[in-house]
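Each of the next two complexes has chain A plus one more chain, namely chain B in the first and chain C in the second.
Right, the complex of A and B next:
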């Protein structure tokens, strides 16, 4: 069943700035949707429109079939976790979690029961009498989640909930959020600028760029078949190698001296892409091109090699190669590579669409 | 960063005017009052006699003194509570305004720039029983306004006149306090189903409590010690003793009643109260409250 529908939803701020031109999205019940994109692309704006904290300028928002545009945040049956947690500083953990239930006139013993259930689930039982300032960052984060869960809402909204935590805790909470969401089966809309977080959490991702949904799909869809160079560059780390090229009868012409053979009916300027992990080390006979190595990053489990495609002219295109295991090639030496055609990504340079 | 002066004398020279003012207008009179409190002086200041604690004993056995204390408490708390409530209300309104915010805020700060005596005279004119526009309007509305005869009305008048000026100050602090409340807390409360009214009383107001307490002390100190000009310009402590606060009584007994020893003893008591309130004030300014 479709739970949340955004139909041509757009936002123009009172100062005339159009943050979101128009977004279409339908979310299934229990689905975990991640909105991802660089800072300032309109993620929070979109989320806040769903929450009712920003008015919807154009289009319609429906939750379980009911139009929500004019409804107050409290009437939408949603719960939100804020980036700074927004815990009430003068209330205990218990009161923070109970506040929403009290406002809805729920009986005291039922509130106690619900709060203690959720506290147990999140390991907060010992902390219920503390004030937020007596908690660590990770504990505050948990309380913020507890406050959202205790009301058992139709939809969870998260706005970069992990960005104030250190790297290790972030990974731990990420796993925990995913497990909790699976267990509760609550439809979730989650905002982040971190593509790793996005890939690991999402059932489906929405990649936002300047307020437009560039692509909506499963993490693997986006990885395997990015719709635009923007998505291609955004998803995956290190980013996909993207090179301006021309498609001719001979194939993909990267420079005067280098053309990778391909038969394709399209002609003209394109963007040619291949992920760093799909390049293979080769030799002078079999290689497609050589890379002049500029820097080597050894991470133990993998090695990232940065270099430039070697051509007669001085400025070749930059490339990153990702090899598993340790490798120690000399800086400034040449490395021959093959680029398997099955891993190529071609985009029309003008329309920015996948070919 | 520390600034070092070439000569040791210059810093003292620069401080001198302030030190002189403090010495001439504060330390010297304070010392005089302290001394005077233990003497009885004739009305012309020609002779005086050491009488020990007698002035204090007289003071604390005088029912009028207790009456004045009560008047001061009623007056001070009325000024503080009325002034702060109105200021908070205005600050909440101003915090909501988006267009022309600065204009409202500037207008609300003006009263603070008006000298207390001028403010007093202004209210004295407005409420004058025979020709004051407000008094006439009240009369037409069925209220028989004459603060020269009615002690309660006189009290209302001095409270209004004293509060009016203080609203600006309170307003500024409340507005700053309101703006320091994180927006996301209000939004979280809205999602949690709290009505705007409830959001204010359960989230915003508790978070303002450090500001509220600070202002309470400041307003009480103001009403205690800085309202002489307003009272003198409007009611002169009357009718009877109904608006004679402790500070006004020092002046009234000393310069009108010419009981200099008794007046000095009252000054000493007031000095002790000032000291106490200053301690309280500093204690609480130091106490910081975290918002996150």
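Right, the complex of A and C next:
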């Protein structure tokens, strides 16, 4: 059953600035959707439009078939977790969680039951009488989630909820959020700028760029078949090597001296891409091209090698290679690489679409 | 930084002691004077230690009449002063809370204009607009009434401004969280805003109570009935005796009594007052 539908939803501010031209998205019940993109891409605006905190300029938002454009946030049956948690500083954890229920006129004993259930689920039972300022960042985060869960809403909205936590806690909370969402089965819309968070959490990802949905799909779809160079560069870390090239009869012409053979009916300027993890070390006979190594980053489990494609002229294209395990090549030495054709990504330079 | 310079410690303590002495001496003298008979002042020297007429003077002043042509006892005037001061304080706080709430959280046409108009009333204290204000109050038939004493002094740009600053510092996400939690404008005001501006309210209470208590010109103008005389204005009336001696002992006792409530408020609310001006728990 389709739970949330965004139909040509757009946002234009009164000063004429168009933050979001038009976004179409339909979300299945229980699905975990992550809106991801660089800052200023309109992902938060989109989320706030679903929440009802921003008005919708054009298009329609429907939750369970009901038009929501004109409804107050409280009437939409959504719950939101904010970046800075937005806990009421003067209320205890219990009151923070109970406040929304109180305002809805729910009986006291029922509120108590619900709050203590959720507190138990999140491990907050001991903290119920504390004030938010007596809690650590992770605990505040949990309270903010508890406040959303207590209401048992149709849709959860998360606005970069993990960005204020330290790296270790972030990973832990990420896993926890995913588990909770699976358990509760609540439709979730989650905003983040962190592609790792996006990849690990999402059932489906929406990559936004300048207010436009560049691609919507499962994390693996986006990884394997990015629709545009933007998505290709955004998903995956380190990001994909993208090189401006020309498609000719001989193949992909990267520079005057280097052409990778390919038979393709398309002609003209293209963007040629390959992920760092798909490049393979080779030798002078079998290699496609050589890389002049500029820097080596050893992370133990993997090694990132930054370099430039060796050409006669000095300005070869930069590339990153990701090798598993420790490697210690000399800086400034040459490294021969092959780029397996099955991992190539070709995009039209003009339309920015995948070929 | 720890400094160990004995002469510096000595100098700073001496300065402080001198300051305390300067401030406390008149109060001490008033207290001593109130325990001597009225005639003690005509002799030409100022007594510095308690006399023996204390009980008598204080009893008369407090419960019978303040003396020097003021027939009402001091406790009654204190009550009047208290009603006026509290009326002004609470009136100001309520009005400015509401106006700051409107200006900060609601979008309506001419919102900024409204704010600046309120702000401009800073330039128009009672003393400046006293004649027209008197006429308005007189036309409304409010002379000699508590309403007349308090109402014209209630509008306050300072308090509105202070609350506006306080409200502006409340993060937008908190407002949005309350909206999602289904808190309407009134709920939000009472459940979130009021508790968060608690310390500011306390600080303002102290300032405004003293302001209200010390009102002199306005009560002097609009009260002609003994039943509405306030303490501060009566002290001046007690001095203007046409014939006979001025009962300085009674005046001193009344003055001391007039000082007590503001002092009590400051001491009682010191902690909250400082907190309200210095930090915010948001």
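Here is the rule we use: the second predicted complex is superposed on the first by the 355 of 355 C-alpha atoms of A that agree within 3 Å, B and C clash if a C-alpha of one lies under 4 Å from a C-alpha of the other, contacts with A are read in each partner's own complex, and residues count from 1 in each chain.
Going forward, a contact is a pair of C-beta atoms (placed from the backbone, for glycine too) under 8 Å apart; a residue touches a chain by one contact, two chains touch by 3 or more.
Please read these numbers as outputs of a predicted model, since none were measured by experiment.
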- Query: Once chain A from each complex is brought into register, does chain C clash with chain B or fit beside it?
  - Reply: clash
- Query: Between chain B (first) and chain C (second), which, if any, makes contact with A:100: first, second, both or neither?
  - Reply: both
- Message: Between chain B and chain C, whom does A:126 touch in the aligned arrangement: first, second, both, or neither?
- Response: neither
- Counting only touches as set out at the top, which of chain B and chain C does A:284 meet: first, second, both, neither? neither
- Message: Between chain B and chain C, whom does A:330 touch in the aligned arrangement: first, second, both, or neither?
- Response: neither
- Starting from the residues of chain A touching chain B, keep only those that also touch chain C in the other complex, and list them. 51-53, 72-74, 78-80, 82, 84, 86-90, 99-100, 103-104, 133, 147
- Spell out the residues on chain A that touch chain B in their complex, using ranges where they run on. 51-53, 72-74, 78-80, 82, 84, 86-90, 99-100, 103-104, 132-133, 147, 151
- Query: So in the complex, which bits of chain B are touching chain A?
  - Reply: 182, 184-185, 187-194, 198, 202-203, 206-207, 290-292
- chain C-facing residues of chain A, complex: 51-53, 72-74, 78-80, 82-84, 86-91, 99-100, 103-104, 133, 147
- Query: Can you list the residues on chain C that touch chain A in the complex?
  - Reply: 171, 173-174, 176-183, 187, 191-192, 195-196, 198, 281-282
